[in-house]
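Chain naming follows the written order as A, B, C and D, and within any one chain the residues start at number 1.
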Amino acid sequence: MSVAQQMLESYPKSLGGVDREKLRACIDACYECAQACTACADACLSEDTAAGLAKCVRTNLDCADQCDTTGRVLSRHTGYDANMTRAILEACAQSCKACADECALHAEQYEHCRVCAEACRRCEMVCRELIASL
Amino acid sequence: MSVAQQMLESYPKSLGGVDREKLRACIDACYECAQACTACADACLSEDTAAGLAKCVRTNLDCADQCDTTGRVLSRHTGYDANMTRAILEACAQSCKACADECALHAEQYEHCRVCAEACRRCEMVCRELIASL
Amino acid sequence: MSVAQQMLESYPKSLGGVDREKLRACIDACYECAQACTACADACLSEDTAAGLAKCVRTNLDCADQCDTTGRVLSRHTGYDANMTRAILEACAQSCKACADECALHAEQYEHCRVCAEACRRCEMVCRELIASL
Amino acid sequence: MSVAQQMLESYPKSLGGVDREKLRACIDACYECAQACTACADACLSEDTAAGLAKCVRTNLDCADQCDTTGRVLSRHTGYDANMTRAILEACAQSCKACADECALHAEQYEHCRVCAEACRRCEMVCRELIASL
């Protein structure tokens, strides 16, 4: 059982009607994607073709920041606000889609973009599944 | 001229058709609100009635995180993505509204909630003005 | 192979003389600890005894922020600066120690503090191992 | 009176023996520097010479993250831990020094690097003054 799951299991109050497995998957995906995007921005920067990857670096940085915030918000259960959570999940799904699309353009050439595009695609999907279940 | 404004003026490429003054106001408001919410969460925590302020602390923490991300995203102009920017601004406006509403409930009793509610209200407003201008 | 490890393997330039396995362990521990501390702060907040856990909440929030920053810095390899990396790792080890010590005080009573204390202790240890190997 | 100062004044408990003016200056400098570094990383990225500025972008990103964390930690006063605060301030001063030194190399050529170098130098200085006063 991952630490995120142990923390979820040890929350002392009710989690309301949330789908616990979808929530856990989304927390994990957000932290994983935040890390992948941070690393991909840096890997792009180290390529000799960095100037041509400027948009990819920027989208990676935005996506890392939004996934970080979303992972934090989903790790909190006290005083849940459905409208705020939904808007933040929408922003995260949109950021992940933008970053997956951008990284996919370079996925054949750069392994870091291929791995990152997959992490973004997974994160977008679990965000949308969580939104649908709210 | 603030540092944020100097950085905006020194961006070497075109900023596109963005309303420069609305953008600057929104960057400043996001950083200001992120700080206020972080401090208000801590001030609530130090009140003897902290248990009754749990929802306020949590909303403050979420709002601080989303404002932080939004301030970062707005500070970047390279490879602008309108859909992502819009979704992130919507999430920020929604977070600021939730936090302003929550802090307003305690504004008469706690000065830190009064100051924070005003910072959130201002940030929500400039986010919405920027969205409208995109 | 975790996503963090895949990203490390796909970095296109040399990682210098760094111990790759210690680096990977430290990146993983930082993200894991950041999540655990964010969740533990929220769980403490939901306890009826929240006012008595104010110091624990605060230390959790600081540790989450510092681990987040450290995880990001370690995910970057371009233009490595040994002095900065060392100082940031020291701050992270110190934050994890403070948070582990504080959570340990409540570990028998609260499962979330027990899980979080262990995550902090692990993260402190791998930070110190990475510092020693630099 | 800035919002950060109003938040400081409205903290309901004692701030201990901290130098209130040095603390306020340091909070403001951390948020200002975090924004400047985020914007400078992006401005460097948009230069046609981006590949040659890779180290500058990376140092900017690290410094933005550490200043962000330090600004948050300094905005909290509940359950103050001197050792952790000191280590985080040291990491921040070191990050600001590294970023100021790097940006200074390009300050004559790029206005964004000149403005950012000054913000980093100021932030380093007030961090060191706050450390000395603890």
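Methods note: contacts are C-beta pairs under 8 Å (C-beta built on N, C-alpha and C of every residue); 3 or more make two chains touch, one makes a residue touch a chain.
Please read all numbers here as calculations on a predicted model, not as lab measurements.
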item	value
Chain whose average C-alpha position is farthest from subunit B's own	C
Between C-D and B-D, the pair joined by more C-beta contacts	B-D
Distance from the mean Cα position of subunit D to that of subunit A, given in whole angstrom	27
Separation of subunit C from subunit D, taking each centre as the mean of its C-alpha atoms, in whole Å	21
Two or more partner chains touched - positions in subunit C	42, 45-46, 54, 57-58, 61, 68, 72, 76, 78
Touch list for subunit C against partner subunit B, complex	41-42, 45-46, 48-51, 54, 57-58, 61
List of subunit D residues in touch with subunit C within their complex	54-59, 61-62, 65-66, 68-69, 72-73, 76, 78-79, 81, 83-84, 87-88, 90-91, 94-95, 98, 102
Touching residues on subunit C, where the partner in the complex is subunit A	3-4, 6-13, 27, 31-32, 34-36, 38-40, 42-43, 45-47, 64, 68, 71-72, 75-78, 110-112, 114-116, 119
